[in-house]
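As written, the chain order gives the labels A, B, C and D, with residue 1 at the start of each chain.
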C-alpha cells in the first residue's frame, strides 16, 4: 500500500511528519486554551451568580 | 469660553469609573473637584482635556482653549528656567515670559537649570507654564502638591488673577485654596457595576458583560 | 514646531550622549567585522558596502527608544498633546531630530569607516549618497516603532523586533546602491527605489505614528 | 438575521460559533484527510522531482494560507479601527498564531523540498525569503499583543501595526525579488504558485487547499471564542475588584 518513494523517501516523509505534527500541536493548543478559558469563565460566573 | 460637560461616562483600563457627570465652567468661574483618591478625578481631567476619549456623553469646549497641568511638570532638567518657559511660549505662540516669572516669583532663578531646582520651585515653574500658554481654561490635577504654604498662597493669587481676567479653572485638589469656587464632589457619580446592560458599544469591557 | 526641534537639538547637545552613541556603535561594528571575517582586504572590500549599511542601520536602531522615552517620563508628551501642535507635526519633528543627531553623523562618518574595510574608491560617493537618502526612512520608521512601544516596560527589545522587518526594503535597496557603486556598476534603479521608499515613509507614516501615540497617551 | 455587523457583538458570536464550529471542523477534517491521502498515495511521481513532488500538498496550501491569514488580519484590523467591533479585533488576535504556524510549515516544507534540488537546506530564494519576512511580521504582531495589558489599547496598536506591516510586507516582497536577481542567479526552484500543474496533481491539491481553508476557519472560530471567554472573565474579575 505504501507508495514507492524512491530515494527521496526520507525527504517526503520528514516534510509530512513535521507539518502534521505542527498542525496537531496547533489544534491541541487551541482546544486546551478553549477548555481552560471556558472553565475559568464558568468558575467566575458561578461565583458571581452564587 | 465656557466648558460644559453633559452626561459624561469615563473609563480607566476599559472599566467605567464615573458616569452621568454634568457640570459647566463659566468664564471667571472655578470648580474644585473633590472625591476620594482613585475615584477617577485624574481620568476625568484627562478626558475633559481631550487626552482620553469619553465612553459616553460629551465635553463641549474649544480644544484650543485648554491648558492642562498634571502631576509631572514636563520640565527638562538640562534647560534653564527661562529656556523651559521660552520653549512653551514658542509652542503656544505667546510672547514674553516675564508675567509668568513674576507671577510665581521665579525671577531669581532664571538662569538655573531646572534640574537644580527644589521640588517646590519645580512645581512653581510647572504652574508658571500655565501663564505662558495664554489659554483661558486651566485644567489642573493636584497643583499644590509639594508646595509650601507661601507658594500655595501665590498659586491662589495667580488663579484669582486668571479668573479676574475672564479665565476659568477646573482643579482637582484636597487643599482649601481659599478661592470662591463651587465644589463638585464626584463621589456619588461612581459607575455602579450592577446596572451593566448587554450594550455592545462603548469600551472594550462593556462589550463583554 | 521649530521650537520643538531647537529644544530637542539643544537637549541632545547638552546631554552629550546624543551624537556620540550612534557613531561609537557604528565604529565598533565596523572595527569588529575584520576580527570576525579576517583581515584579507579582497574579501573585506566585497562585503564593505553591506557591512557599512548594516552598521548604520543598527546604530539608528540603538537610539530609537530614547526618542519618546524622556518626554514620556517627565510628562512633556501629555502637554505636547494638548498644545496647538498637531501630533503628526510632533512625530515628524522627533524623527527629524533623531535623524539629525544619529542619521546624519553616520552618513558623514561612513567614508572614514569605509577606509577601515578597504571599500573600493568608486564606492564612497554612492555609499554616502545611499545613506543620505536611506537613513531618513530609518528614522521615520523607527519613530513609528518608538511610538508603538513608548509606554511598555521592556519596550526596547520589542521595538527592535517590530522595526527590523520594516527596515528590510530600505536595507536591501540601500546596500544594493552601495554595492553597485563599489563595483562601478550603474546604481540608478535601486537609488530611485530607495528614494521612493523614503519619500513614501516620510509622507505617510507620521499619521500612523501620531495615531499610535495618541492611543498610548490614553 | 441582521447585517454582518450583527455578528460583531460578542455574545451573539459565541452562540453562532457553538453551531458553526462542529460543522466546519468536520468539513475541514474530511477534506484534509481526503486531499492528503489522495495526494500522497494515489498520484504518480514527477519525472524530474521524483516523489518529492508529494510535498506540494502541504507546501502550497500552507503558503497560500500564510498569506491569506495575514490578509484576513488586515481586514479585521481595519474593521476594528473603523467600526470598533471587539470580535473583529479578537479574531485578528486569534488568527495570528494560525498564520505563523502556516508560515513555519511553508518554510519547513519549502526548505525540505528544496534540499534535494539545491543541495542545501536553505537557499535565499525570493519566495522562501519573503515567507521568512512574513514570519517576522507575525512574530512582532503576536509579541505586541502580549506586551500590552490594556486590551483596548492593544487592539488599536496591533491593528495599526498590521496595516503598516502589510504595506512593508508588499514592499519587502518586491525588494527581495530585486535583491535576489541582483546578487546571484540562484537555481531557484521556480515552482510558481498558480502554475498549471498537470491535472492528476491539481485535483488533490485543490482539495488540500480547501481543507487548509476550512481548518483555518474552524481554528479562528474556536480561538476567537476562547479570546471572548477570556475577555469576559477578565472583565468580571475587574468588576469584582471594583464592586
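We take it that contacts are C-beta pairs under 8 Å (C-beta built on N, C-alpha and C of every residue); 3 or more make two chains touch, one makes a residue touch a chain.
Just so you know, these numbers come straight off a predicted model, no measurement behind them.
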Furthest chain, CA centroid comparison against subunit A: B
Of B-C and A-D, whichever chain pair has more C-beta contact pairs: A-D
Approximate Å spacing (C-alpha centroids) for the pair subunit B, subunit C: 37
Rounded Å distance, subunit A centre to subunit D centre (Cα mean): 15
Separation of subunit B from subunit D, taking each centre as the mean of its C-alpha atoms, in whole Å: 47
Separation of mean Cα positions, subunit B and subunit A [Å, integer]: 53
Where subunit B touches two or more other chains at once, by residue number: none
Multi-chain contact sites of subunit D, meaning residues that touch two or more partners: 152, 232, 236
Chain pairs in mutual contact under the definition given at the outset: A-D, B-C, B-D, C-D
In the complex, subunit C residues that touch subunit B: 2-4, 7, 10-11, 14-15, 71, 73-76, 78-85, 217-218
Touch list for subunit D against partner subunit B, complex: 8-11, 84, 86, 150-152, 155, 228, 231-232, 234-236, 238-239, 242-243
Touch list for subunit D against partner subunit A, complex: 36, 40-41, 45, 49-52, 54-55, 58-59, 62, 97-98, 101, 104-105, 108-109, 112-113, 115-116, 215, 219, 222-223, 225-227, 229-230, 232-233, 236-237, 240
Complex contact set, residues of subunit C against subunit D: 144, 148-149, 152, 155, 158, 161-162, 164-166, 168-169, 172-173, 176, 190, 193, 197, 205, 208, 211-212, 215-216, 218
Touching residues (chain side subunit D, partner subunit C) in the complex: 133, 136-137, 139-140, 143-144, 147-148, 152-153, 156-157, 160-161, 163-165, 168-169, 171-172, 174-176, 178-179, 182
